[in-house]
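So, here's a batch of structures to check.
The following pair of complexes shares a single chain, subunit A, combined with subunit B in the former and subunit C in the latter.
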Partner chain A sequence: MNRTVLLLATPAIAVIGLLCLAPLVLVVVWSFWTWDPSTYWIKPDLSFAAYEAIFEAGRWKVLLDSIIKALLTGLICLVIGYPAAYCIHFLAGNRSAFLLMGLFTIPFFTSYLIRSFSWRLVLGRNGMVNSTLMSTGLIDEPIEWLLFSDFAVIVGLVASYLPFVIFPLLLSMRKVEKSVLQASLDLGASFFQTLRTVLLPLTKAGCFAGFLFVFVMSLGSSTEVKMLGGAAASMISVMINDVMRVVNFPLAFAISSVVILFLLILLYVGNRHLKLAKLFEDFSW
Partner chain B sequence: MVDQFEGPIVRLGARIAVVVALMIIYLPPLYLLAISFNEGLQPAIPSLDQVSIKWYLALAEENKLLAALGESLLVATVTAVIATTIAFFSALAYMEMSEHRSGWFMFVIFSMFVPGVIQGLSLSVIFTKLGIPSFWATVVAGHLLWAMPFAFTVILTMLAVVKRSYLMAAADLGASWGRRLWDITLPLVRPGLIGGFIFSFLLSLNEYNRAFYLVGRQNTWPLDMFGKMNSGASPTIYALSGSILIASFLAVVLCLLLTWKRVVKTS
Partner chain C sequence: MAIAIELQNITRAYGTVNALDNVSLKIEAGEFFTLLGPSGSGKSTLLKIIGGFEEPTGGSVLFNGEDVTSLSANQRPSNTVFQDLALFPHMSVGQNVAYGLQIQRVPKSEIVERVIDALDLVGLSGFEDRNVNLLSGGQRQRVALARSLIMEPGVLLLDEPLTGLDEQLRQQMRDEFGYLHEKTGATFILVTHNQDEALSLSNRMAIMKGGQLVQVDPPTTFFEHPKNSFVAGFMGMDCLIKPDRVSMENGSPVATVGDTRITAVNNAEIVPGRDYVLAIRPDQIRFEAGGASGPTSIKVTVKTIRYRGLFYDIHAEFSNGEQLLMTHPVEGAGNLPATGEVVNISFSPGAPLILLQE
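The block that comes next holds the complex of A and B.
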């Protein structure tokens, strides 16, 4: 480490350290303190009450449910994203590949709130899907479960975070030598044999990174559930908001700590085994 | 060269996946955009003679919404300036490093993975304890952590344009580190910096979760809008959504044209 590096790195270390890491560490510490009704704040008495409270009132079910929703979203994104990335990288010409990559870049920077909200117009009672199906005579009454349901939440999540799976996949496909695929073909393997034994193993890091991105983003999401979920629908972020409405700081901190720890382990394992950072580095230098 | 070894069915399948992906992403917002030009009160796709910008003009009367939009623009501008600057320094640090690059990369992009609600809540508690009242700068603090990782990756990609040999040649000719930065690196990565700025600006402008606990008395537009969306739809919601969608779309396209032209040319 020379002085130039240190000097250049200082602003980022300061901002991330002070604004991101320090508050998170304090939240974890505070989650073990005791609620003090006289000050509406907490006092430094070691307590696990908040963690016990996670197992009450069905809160652990919300945690589990969020994880299942995030897993499902990640898998669906992978199933749609892999062939889409394959098409962009292997099938599309230069110009259309750039056009498609542009089209998949735009949603990163448009409002997630508006995009979730717009699904209401598509899935609602008088929405696009129902009115189309009714006018073609396929159904007589509007389908009710399309909106304000887990189905709508999953659709909204997939729509929001699908681009997060495409780019890691593209980066990993870019590193696959085409001659390797040709060799497999020359040796008599069918396309699906080549896919299963050559291409998929070579793009494993991209699959994992893409899945992880979608999983993490979905786990932390709240707008999709608030906009599209049913009356009782919850998600970790929504649960934290609810807990904070009754200023239950320790419980909010305990839930946050569990989530942060879970994400840290995931990122650590991901980086350790599949070299997440490497995926981006080869691309950038 | 591999020529079409997929067979027609696989190729068709892959193309269908692209179409499905694009439809999932674009169909609902485009539907909303179409509705926003409908003259009537009911959400419906307007027929050609019903197309009107009436609700867009009505936006000028929505003082509360405009104030929220103004606050968002202020927050987004400040966020973008700080995020781009710090991201640029961080990317330069990455380039200067000979080891620990992966660690540094993960460190800088880490905050992107922290759920917005948790990040916003933890920051707001700290600010309250420090006696700092919530106002636009506290929102900037939260948005910075969301925008900076994206700006960092954009600028890092752009720095690939700066070939190591250019810098070595300049160093051989006696140019100092600062001189090399000013005369070689900066002009080459300028599109990346502009791209990083626009991306950070848009990410901040559209952020809802991180602002939730950090806003003061003046809401940002997504917070104001969230309330409106849940309390009976008024057509001005569609008009504002439409304006924001169109503006974001144009800004990203501009950004891509700026950065990709340069990257493609050199690779």
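The block that comes next holds the complex of A and C.
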């Protein structure tokens, strides 16, 4: 790299280093420290006590549950988001595409607290779903598992993070020439054959990126869980919050470190198979 | 000959603009047919309608006498080589070529054999495992051809497939098209804006303008009897002279250009009130010995002379300022007139043509 370019990039590199890498390193370093009851603060150490504590009190189960919920949310978002992105990119004209994108973004103008809370009005005992079903005579009693359940949490998460899957999908679909899809039709393939053999393989990087966005954000979510999951529901962020409340910082940092490590591995493996870098590649050939 | 494709009153409107305006055309089985025209003339739209990628707003498309207007591309017995080739970037050369057969669930052993044959046909033997993104322009072109030809289509549609290739490769691929047309016996329909391609390949061709067919004929007819000045201009008859007036004398049209009277070949009926032009190819004009006092009555003033390698380009002017372009062989460089000299010229038999001004 040219020295001038490097010089020009230095402030940006410094900012990235300061805001991104430094906190990460601190979290990992502090997770090996121990909590000093005499000062109510942490002191330097090389202790694995915090990591051992993860396997106590069912904490690992919360980790696993959270991952499963985030995984489901990511997959559901993909299934809903893919046709939506397809529609915006291939079927809608410029104006309607803009309008559709707007519709996905407008809910974000309100606070996420209100968005999560509003699901209570939809899914609750006397909510819209139950009252509609009861008035049409399909059910006699309200369905209980609609609210304060894993189902409600996943509905809330999907609603919150759906747009984040659509943007990367759109980005990857923009790179697929329309004529390539036409060529597939021309060679006799049906719409679904074209989808399976041409469009999906060409947009898999976008699928992975979109899934990753939703997965990471769901894994870190707490509002939706607190609002919709009921009293017993837990999630990594809720658990970390509880641990912090009793000022057990090393344990909170250890849980965070484990999550970060897990995500890094996921990113590495996914990138090897799905070539995330392709998203940022131009058609230079 | 059987009719492979028939278009009946095809119209395609985008909003209030008619990209195609009541086009009717019959293309014979086994024919190499070219749609020629400037960009925006509707030739690509017409090809897309034949291929089933666009629906006409009016009219019908018939394949072998059967109405296929409502059938989509995957149900039509035609295959297309796209302008941007549209190779599948995530598949190897072999996978690209095999794609259509895999969709048809042809047995695997047969696919392997036919892929080998198809690649052999286009001169890419042994390229099965190559990455299509790393091939040269010409090689990608051949993969696209093989991918279509392996389907043994009755009709092959070629949508300006040679744009983007350098001149040498264009000529090479052009010859390849001719060879493949002979070899496969399929009906080829080529869309192009290059008249060289059209002339050298077509059995018949159509010139399009403003969504309409201006003329449909074999290539030689386009030169001998272009329908109007637009066709003549598109065929490279750069020299279109606007006469002051045209009259019929002894059954031949006589054009008056300044103080010169030129008897033209009767190619169009002279209708009073319409505008006409004289069309002459540069190579159909000769100098007569004797300078201004030569044997013919056609006199022009030489304006500029340019050396072009195989010949000289000479721009001359009639007395009323109308321009004339002629060529002069290099071997006769000694006879070159001087700039500003008035010379006597004559035309080859069959020239000039008198055409409707379009």
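In the analysis below, the second predicted complex is superposed on the first by the 239 of 285 C-alpha atoms of A that agree within 3 Å, B and C clash if a C-alpha of one lies under 4 Å from a C-alpha of the other, contacts with A are read in each partner's own complex, and residues count from 1 in each chain.
Everything below uses one rule, namely that a contact is a pair of C-beta atoms (placed from the backbone, for glycine too) under 8 Å apart; a residue touches a chain by one contact, two chains touch by 3 or more.
These numbers were taken from a predicted model, which means no experiment stands behind them.
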*Please work out whether A:135 is in contact with subunit B alone, subunit C alone, both, or neither, and reply first, second, both or neither.*
neither
*More residues of subunit A are touched by which partner: subunit B or subunit C?*
B
*Please work out whether A:8 is in contact with subunit B alone, subunit C alone, both, or neither, and reply first, second, both or neither.*
first
*Report for A:193: first if it touches subunit B alone, second if subunit C alone, otherwise both or neither.*
second
*Give one of first, second, both or neither to describe whether A:38 is in contact with subunit B, with subunit C, with both, or with none.*
neither
*Figure out whether A:202 sits in contact with subunit B (first) or subunit C (second), or with both, or with neither.*
second
*Looking at the overlay, what does A:182 touch: subunit B (first), subunit C (second), both, or neither?*
both
*Would you check which partner chain A:80 touches, where first means subunit B only, second means subunit C only, and both and neither mean what they say?*
first
_Based on the A-chain superposition described above, do subunit B and subunit C contact any of the same residues on subunit A, and if so which?_
182, 185, 285
*What residues on subunit B touch subunit A, complex-wise?*
1-2, 5-7, 10-11, 13-18, 20-22, 24-29, 31-32, 35, 43, 82, 85-87, 89-90, 92-93, 95-97, 101-108, 110-111, 113-119, 121-123, 125-126, 141-142, 144-145, 148, 150, 153, 156-157, 159-160, 177, 199, 202-203, 206, 208-209, 212-213, 222, 225-226, 229-230, 237, 241, 244-245, 248-249, 251-253, 256, 260, 264
*So in the complex, which bits of subunit A are touching subunit C?*
177, 179-180, 182-190, 193, 197-198, 201-202, 285
*Can you list the residues on subunit C that touch subunit A in the complex?*
51, 53, 72-74, 78-80, 82-84, 86-90, 99-100, 103-104, 133-134, 147-148, 151
*Spell out the residues on subunit A that touch subunit B in their complex, using ranges where they run on.*
1-2, 4-5, 8-9, 11-12, 15-16, 19-20, 22-24, 26-27, 30, 80-84, 86-88, 90-91, 98, 100, 102-115, 117-119, 121-122, 126, 128, 155, 158-159, 162-163, 166, 178, 181-182, 185, 191, 194, 216, 219-223, 226-227, 236-237, 240-241, 244, 249, 252, 256, 259-260, 263, 267, 271, 275-278, 280-281, 283-285
